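Chain lettering (A, B, C and D) follows the sequence in which the chains are written, and residue indices restart at 1 in each chain.
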């Protein structure tokens, strides 16, 4: 199984003015992200508004972005809260050429830990692709216990977990028991802390606009230059806070449009921030050096 | 607009041994529920495993159950986290003859309050059916503020809210500002408290098995016989705790099967409780008088 | 053991301009509170800034207020987080003529449930006065489980619990297992809910200024006139929110001073709200009919 | 102002069999702690059961331990929730020869942010000793905002904050705005994370028994040897969890007694864990290399 990249952006889905998925723009965005320091992208993850896309739209996005990026990592956001549908998407992702799939803990239904395990097992057994779990109790309504993650980690192609539970003690226990299992940070404000503790990487929202600094922070952590890394971390926290001021993906979509990316309006129920909130976001971002210049 | 019932069960979805939706069993279950004191049912709500059913399966369930029940209320669980899909389901529900639709706050995506409002407005404008909102932040990841509920309450066909946020102070503010707006309790342990405060009814899980006692409690509250109502409430709390011991709908499905209802195994990621948990559930239920006798 | 009153105000401690305890003003305030419908007062509770008073000051307050009120209930706030000191205060309270003592779960130290039980047992055994527990995890850092309350309830002179944990399900379990054990609501916004469920009374902050309405609400609940009680409840919620806007006892002290009571400035670390917050509080209170007229 | 040590143990208070403070044992314990790698101790902090000690007992402890340790740091836990009393203790601590005082956010009273600031300002102005704040909302019921900490940091002798709020984002903001202000970690499981981010040190409970490993971890972090530090961190998390299994200081007192330190039984309301819990604690500790050998 090929190594999956450390720094991946959970990419937004661009739309045309008519609201269709904008495939050329998706290619362009993905290419820009890799050029700015990402090892690859997650396509149709949460930030990509997965629940608002049809299966056909997802397939097209995975396939076109993979063609565009070639050797860079393309992870297909293939998880839903329906096991059967997730299996279908996992098969589509494999056919589309994705390097791995990302599968979220089933949201809304609040399954038991056993139900979560059965869900992931069924998905993992349906594909030869590497599977990355996604633990995000703040969105899902329930989180995986350490034990459940460790059970899933024994499934041969479950290679890691995108961890967004905010509980570093929990992740320490996972790391101790399963040293080879990869952790990608799923909260940008936790990237530094998880990396210091030995996490593999991050699946990031803010890497849309600060991948260079995230890459620099990652290199500094890996090189043991903590003071340098911590200084970047503290600055990036302000960027992250700004990029989540109206929730996500609402805010990052707005930011990208302000920076000149023609990604179109989001689909309902996602709406962009209003003017007042938008102005606060951009005022903060103007204080930082982004990968893309901020218009005045 | 016809009055919608006060006491509604959020009905489980029965499956055949092969895993298909069991429509005759759905009819039988719905009829039993009304005979036991429910004013009607919610079909394909959360307890009905809505995210695990196809649109066709939902249509068939709404249509058949409505034919079965005739004058009793049938609410179609038509909400998803995708506005466009929810509109499609609302139209199907209307065609199927449902009396109203239930639409949940969009889960997982964590939309802003404005996004939640736009979601409900778009759904409400797409149908002539009454719309009941469903506020359940513990599953959804975000809740409606008082202000958002009140904005939605001004939409002509938004008739009420199934409230499961556990915040009685919040509901008091809604009730004060919108006296005609109906509140259905969405947590069985809150039924008594919300009814005392003037809420209209409940959309219940435990009314699968204790509708008679819930009806008696409701009548006692409406009649000002508080000591009687409180005594029922305290006993029902234990039933509710038991019915949620392994989460919902996992536990209530298990209970119904133990009581002899051939509703089949749940669809993944929902799984029934294991033996040890199941035994605890049934041991508690044996201490209560249920609408259906508990086998020894 | 004489019956203790249902509606008790947790009275603020008045100070002179020089910062000494103002005993005449304490008498006057206590008398006014009883005239407005309270069955009595708690002296040197949390609202009375117990941790900021010396033992001598407490003794004087208990003794003088009891002399002033005669037959009305005077509960001495005698709890601290130090068992030995609490026992000392319990003895002083008995000597001062208090009708009962209020003893809080030991704050800050986060004792185990066994430690909490041992604390209350030691206090209860040291006095012949009735003891009221006070469960307020939001201030204390730990709460009593149902089991611990029930263990304490078996101590002969532990007559009840001032419950401020906000968990109505928890109190239902206590009520069911210990029907004779009295519950006083410790959060004003929960008074209505706890009374409907059968609680005995309330130890209130807002009864400083709305005892008449609380009394009316209590009578309505006891008489089964729920619509009337619920209407009062919804209005009182706004009063309560206002009276806690800057925390308590900060805000209620400010309000009383604005209403003309010469209770002096609080002792540090309690400080009154600043002008902006104070103005918001008074603006809300002007919308209500208080027991004491609000100056324009 | 002399540099205060990085690694300090919040030392338990030893008692004789009769329950008096055991000063010789306190000296012995403090010396052992410094020999094992601590830069000093906090005497009569939370772990030292400050609320259960008289002022005289505190004075004696500060004075004797300072005499014993000489150049090593002795911080006097001088904070209470009463500003006036805290000032009195700060003066006593200065007279006793302490190197600094530790002052906690006023517990139980839930003061406003302004009240917290006034409290710390009054204390800081009353002493020439360095003052360390202590932010521990889980015990106190309220925490300091970033703004309040920064206001306090401007007081000339407020040198740092013992941070136990568990919110690394919050501390990043404090560090960014006040680079010279020292942060001591106040949750042992956060030591690694805070140190990586640039925090000065820790005021630790587990350093009673694993100071050598904490020192090694600190050196590894300071030297940029992250993998080494993270490995120690993950192991120490298990020690920390064990040492808090029955709360603190209950559990660490029990552990020390099991390890042969004659520190006597705690004062109420603190009680030691029961046998079953105690056995679990010791079973875990036997898996680790402690500074003091664990009897079989």
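Everything below uses one rule, namely that contacts are C-beta pairs under 8 Å (C-beta built on N, C-alpha and C of every residue); 3 or more make two chains touch, one makes a residue touch a chain.
For clarity, every value in this text was computed on a predicted model and none was experimentally measured.
Both chain B and chain C derive from one sequence, and where they touch, over half of the residue numbers involved are common to the two copies. Centroid distances built from C-alpha atoms place B farthest away from chain D.
The copies chain A and chain D differ by a rotation of 180 degrees on their C-alpha atoms, rounded to the nearest 5. With centres set at the average Cα position, the gap from chain B to chain C is 39 Å. For the pair chain A and chain C, the distance between C-alpha centroids works out to 50 Å.
Note: centroid distance chain C to chain D, computed from Cα atoms, is 33 Å. For chain C, the set of residues touching two or more other chains is empty. According to the touch criterion at the top of this document, the contacting chain pairs are A-B, A-D, B-C, C-D. Chain D contributes residues 168-169, 172-173, 175-176, 189-190, 192-193, 196-198, 221, 223-227, 230, 233-235, 237 to its touches with chain A in the complex. In the complex of the two chains, the chain A residues touching chain B come out as 46, 49, 51-52, 80-84, 104, 106-112, 114-116, 118-119, 122, 138-142, 246-248, 250, 267-271, 273-274.
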